[in-house]
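Shared chain: chain A. Partners: chain B in the first complex, chain C in the second.
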Partner chain A sequence: MELLAYAVIGGILYGIFFTLVGLGLNLLFGVMRIINLAHGQFIVLGGYLAWTISDRLGLNPLWSIPLSILCAIVIGWPLYRAVVPRLQRSDDPEMLSFILFFGIGQMLTAVTMLLFGADQRSLPEDALGSGSLGLFGQEFPDSWWWAAGVSLTALALLWLYFSRTRLGYATRAVMSERDEAIATGIDVRRVSTIAFVAGLALAGIAGAFVPYLLGSVSPDLGDGLTTTAFAIVIIGSLGNPLGTIVGGLVFGLGTMLMQTYYSSWSNVVPYALLLIIVLIRPSGLLGKAVRLA
Partner chain B sequence: MQAKRTRKTLKTTLKTVAAALACATASFAAHAAAAPGEIKIGTLYASSGPFAVASLGQFEGLKFWANNVNKNGGIFVKAYNKKIPVKIVAYDDQSSTATATTLYNQLITQDKVDVLMADFGSVLTSVAVPLAAEHKMLLIDPTGSGANFFTQKTNYLADVSIPASTVWPVPLAQFLLKQGIKRVAIIYDANDFDASQAETMKTELTKGGAAPVFYKSVPTTESNYNVLLHTAKAANPQALLEFGYPPNDIAFLRSLSQSNLHFDMTFTIFPGQLLTLLKKNVGVKSLAYTYTYPTPPLVKYDKVTYGMNTADFVSAFNAAEKKDPNFLDASGYNAGIVVQKMIEDAPKFTQEDFHQALMDMSDKTTTLLGLFKINENGAQLGQSLPVAQLVPNAKGDDLNISVVYPDDHATGKPVFPAPKQ
Partner chain C sequence: MPNSTSTQNVSAKPNRLRTSIILLVVLTAVFLVAPHLYANQSLVFTIMTFIVLAQGLNLLYGFTGYLPFGYVGFFGSGAYATSLLVLHTHLPVLACVAGGGLAAALIGVILGPLLRLSGAYFSIANLAASQILFFVVSNPDLADITGGPYGLKIEQVYDPTASYYCMLVVLLIACGLAAYFRSSGFGMALRAIKQDPVSAAMAGLNVVRHRLIAWLVSALIAGLAGGVYAWGISVFYPDAVFTLDFSVFAIVFALFGGVGTVIGPIVGASLLYILYSAIGISTPQYFQLIYGGLIVLLVLFLPGGLLSLLQRRGINVF
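For the complex of A and B:
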């Protein structure tokens, strides 16, 4: 029973972190119908940013969070302007974005490799506290709580943005019906630019915790993270950022329960869940029902 | 009449001499033409992916050997009675077995390399083994030690720089039994290299009356051991053994350090091969008192019969590459010198003679990695791996390697149970 409790609480914490991993990917798809296959590489860049700040500048890796936002603006804004409007003018923006961002992802992997080498990099264990915190008698490392706390904060800020700001309303309108949003005079380009930058920033923030939750960061992690994020997003609901919470929790709980009872199958969880969800409820657990007639 | 006969005999003799000379000239010309201008050694390396660190180390060691050989004019090839320089033909497989399959094929069929050498580790070697056999090429296997490779007699496989993984854990199992450790937990990656070690360990412990109390596999991509460690702890083991690759060891040791769990003994494979990488990622404090298989250059072989000894290799590598070598650098270099001796000894420049030369070297050759001894299945049975513990130095800011088993190699006594950090 104690093992079950540990797996459930661990799964929730792990799942909350993976919500952050998938959130940026879902936001981009929701607003722009773009599948960012370089999402995992942006998370890896966030991890390397945290490592650079910690190892080279001697600062706490949490400083990488504001810096990730800054970098997302510096990189994301010109990247958006350079590629996204062209993609959206094409006949099949989803498929083209698939190919384009796959290429960007491979380039980022190569650049990361050139800059940092193939070695794994980790962050100091005590930077986020060297102890552990308990819940219902089950103790988890401080870094897990930090990761969950920052993820929940990011989710809360995103929710506030969607529900309390004019730009947030506009973003929801674009996500709901892009053409109608354009017709009502919403500045779709501005909304999309902000969503694109926010998506990259969320990826960068998630990257700061990768060395703690996944042991280390290395250039080759990107593709795996993209695949996991994609599975989480599909499980929750593609195009609905808040559905990512459900996807993340299902993924976290599934992984930790499998690790406890059938550990050799734990990496099959996201893909098995993905398959089941796609077969039973193609729009995802929080997706809207689709009327085909 | 007599003069006529003499003239005829002379004519016949001259004809015979001319024919013999022609044959000798033709034979010499053919021989000279057959000697290659360079010996092509085909191999793969991974510049990215989970095996990159280890693979690049092995590749650097091989290149270091090739540079040294070429500085001296090449390898003396017995079959041609001359020195021939070596050329390494190498491609990047990016740690992908699919890419590796294509590239091994290219090395064999397009580049027509003279010697085929596998990339690092069992995963990337696994696809080369059937290909080499299909093309009747001897595969020089530096570090692919998976048990499945060595199940039947073959002329096309030779494990040269690392023992077959089935024999790795034998001294460790003997050490555990000698220490009276009865409750052992084993976590291993679901791949041939790690699974075969776990299986051997389980068999040896069971034979000694100490069947593992926890025995679970994880995917090779596993990166979070927190929950698994708690599951293992619930079985109340005295020793926890983790068989994985370097990224697994890093994730495992970091999860252990963060978990506040304590085991009297913890073992992982790669601190003994990539100590610098592990220290950098896990930290000296978290690595303290961990057990491992120490490998050269952490353990040294002074008396060698071929190539540099371990200490000389460390100095030479350091001078050339401006960094200290690790085990994988040493294994790449070792693969090179084994190939060198093989070519020097082979009477003909053929794959069959290369294999026979290796068999003849077996059990008679000691290199910087220890005794070279292969069986007819191609498995390396020499170069045995002792058991060592990483013990903090007096200041506590670095680690010393203390070999604790077998007794004739021991440089210290085990600190058991490990103190709580």
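For the complex of A and C:
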């Protein structure tokens, strides 16, 4: 019973954090119908950003959150301009973006490796508070609560953006009916650029917590993170950013329960879930009926 | 000019048979002579492995449009099945290699439902499947059967020369199949389905069966390659035959040369693997940077690969 409670609460925290891991990928797909296969590599870059800030500059790793947003603008805006419009004019943007971002991912992995070396880097455990917070008698390190908190904040902000701002309305219009949105005079390019930058920023922010949740960050984590993010997004439902939380929770609970009871098989969880969901319900658990908040 | 092109195709048929035979003869000659000119036979062996993988991937991606990101899953299954057959039966090695190919095709049958998915979903689900195979094979709980993380040893049948020639045979089979796909009605049907599945189905083509055959043939080729590769290196860890790099290299090599053609993957794999062995083995990051950039440039500017440069000039590429 103790074990079960630990696995369930841990799974929920873990799952909420992994929602943040998948969120950016889902946003990009929802708005632009492109698949950012370099998502995991951007997360790893975020991890290294946090490591640099904490290890080299001696600052709190949470400073990497505003810096991630800044970097996302600096990298994301020109990257968007360079590749996305060109992709969207091609006849199969989904597949071509898949291959293209795979190439970008490979380049990013190589660059990370050349800049930081192949070593695993971890962050000081007490940087986000040294204690551990309990719930129902189960204790988890403060960093896990921080990760879950930041993830929920990001979700809430995204929800506010979608439901309270003009640009958010426009974004939802583009998501549900792209051609009609163009016809009604919505500035699709502007909406897409913002979504692209936001997607990269979310990946970078998620990266700051990867050293805590996964123990360390290293350049070769990228591909695994991309597949995990993809699994979460597909379980939730591709193209519906707020639905990512369903995928995150299913993934988090599944992983934690497996780790508790059959630990040697726990790394199969995201892949098995992905395969099962994709074969049984390709539209994801939420399906098309609840497209958006 | 629709008429002239169709007559060209009809008259091209016997030519294509001749071209295929010439190609296979040239390949045989090159790889029979290569080990005598170049001392590092294992490098040539690896180049052949990658040509086979790129060609096998081309059979699926080039002709049906399904990009198998988990292609290495078939390769690894072939390697493991072959090694397990060598360890537990007294069959001759060649039969074990054939068994490896069949095992990969069997995995292909099990994963057949993946073909219901389209585009990126298929690719990522296939990747997930290959990761599951890897985790199952390398799981310490199954160490008694698969050797778990410690891998397998079949050094009792180690024979670099025989495995080299066996890989050459697999290479010829793969290229022969690609030539068949390129010139036969079956290959034409596949390309029709790739362009417009609905119209192709209305024209009376069995879409599911055609795709499934291409998928299984592609799996079989990777399984055979995996089996011979295992025989050639004879001691391996699960990471060595299930590393995502095999999928990645096969995709990059095939795309670089040009998919949907017979010589594209051969050219792509040979050129890029030689580049890789020149700069990649000591500092793989630089090579990774280069091929990552290559993919980006190919998708943006040259989706048809290197050979499309010739095709644009009106040269008919086989």
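Just so we're on the same page, the second predicted complex is superposed on the first by the 288 of 293 C-alpha atoms of A that agree within 3 Å, B and C clash if a C-alpha of one lies under 4 Å from a C-alpha of the other, contacts with A are read in each partner's own complex, and residues count from 1 in each chain.
Rule of thumb we're sticking to: a residue touches a chain if its C-beta (ideal position, glycine included) is under 8 Å from a C-beta of that chain, and two chains touch if they have at least 3 such contacts.
In this text the structure is predicted, and so the values were computed from the model without any measurement.
With chain A as the common reference for superposition, the partners chain B and chain C occupy clashing space. Applying the stated contact rule after C-alpha superposition, one finds that A:Val84 touches neither chain B nor chain C.
Applying the stated contact rule after C-alpha superposition, one finds that A:Met113 touches each of chain B and chain C.
Of the two partner chains, chain C is the only one that A:Ala231 touches; chain B does not reach it. Of the two partner chains placed by the overlay, neither chain B nor chain C lies in contact with A:Cys71. In the superposed pair of complexes, A:Tyr271 makes contact with chain C only, with no contact to chain B. In the superposed model, A:Ala208 lies in contact with neither chain B nor chain C. Once chain A of one complex is fitted onto chain A of the other, the partner contacts of A:Val174 are absent, as it touches neither chain B nor chain C. Look at A:Ala195: by the touch rule set out above, it reaches neither chain B nor chain C. Of the two partner chains, neither chain B nor chain C is touched by A:Leu25. Contacts of chain A with chain B, set against its contacts with chain C after fitting on chain A, overlap at residues 109-110, 113, 264, 267. Those residues of chain A lying in contact with chain C across their complex are 35, 83, 86-87, 90, 92, 94-96, 98-100, 102-111, 113-114, 223, 227, 230-231, 234, 264-265, 267-268, 270-272, 274-275, 278-279, 282. Interface residues of chain C, counted against chain A in their complex, comprise 65, 67, 113-114, 116-117, 119-121, 123-125, 127-129, 131-132, 135-136, 139-141, 244, 248, 251, 255, 285-286, 288-289, 291-296, 298-300, 303. Interface of chain B with chain A (complex): residues 46-50, 52-53, 56, 95, 187, 190, 216-219, 221-224, 226-228, 230-231, 234, 246-247, 250-252, 254-255, 257-260, 277, 280-283, 286.
Interface of chain A with chain B (complex): residues 2-3, 6-7, 10-11, 14, 109-110, 113, 118-122, 124-125, 131-132, 139-141, 143-144, 212-216, 218-220, 224, 256, 259-260, 263-264, 266-267.
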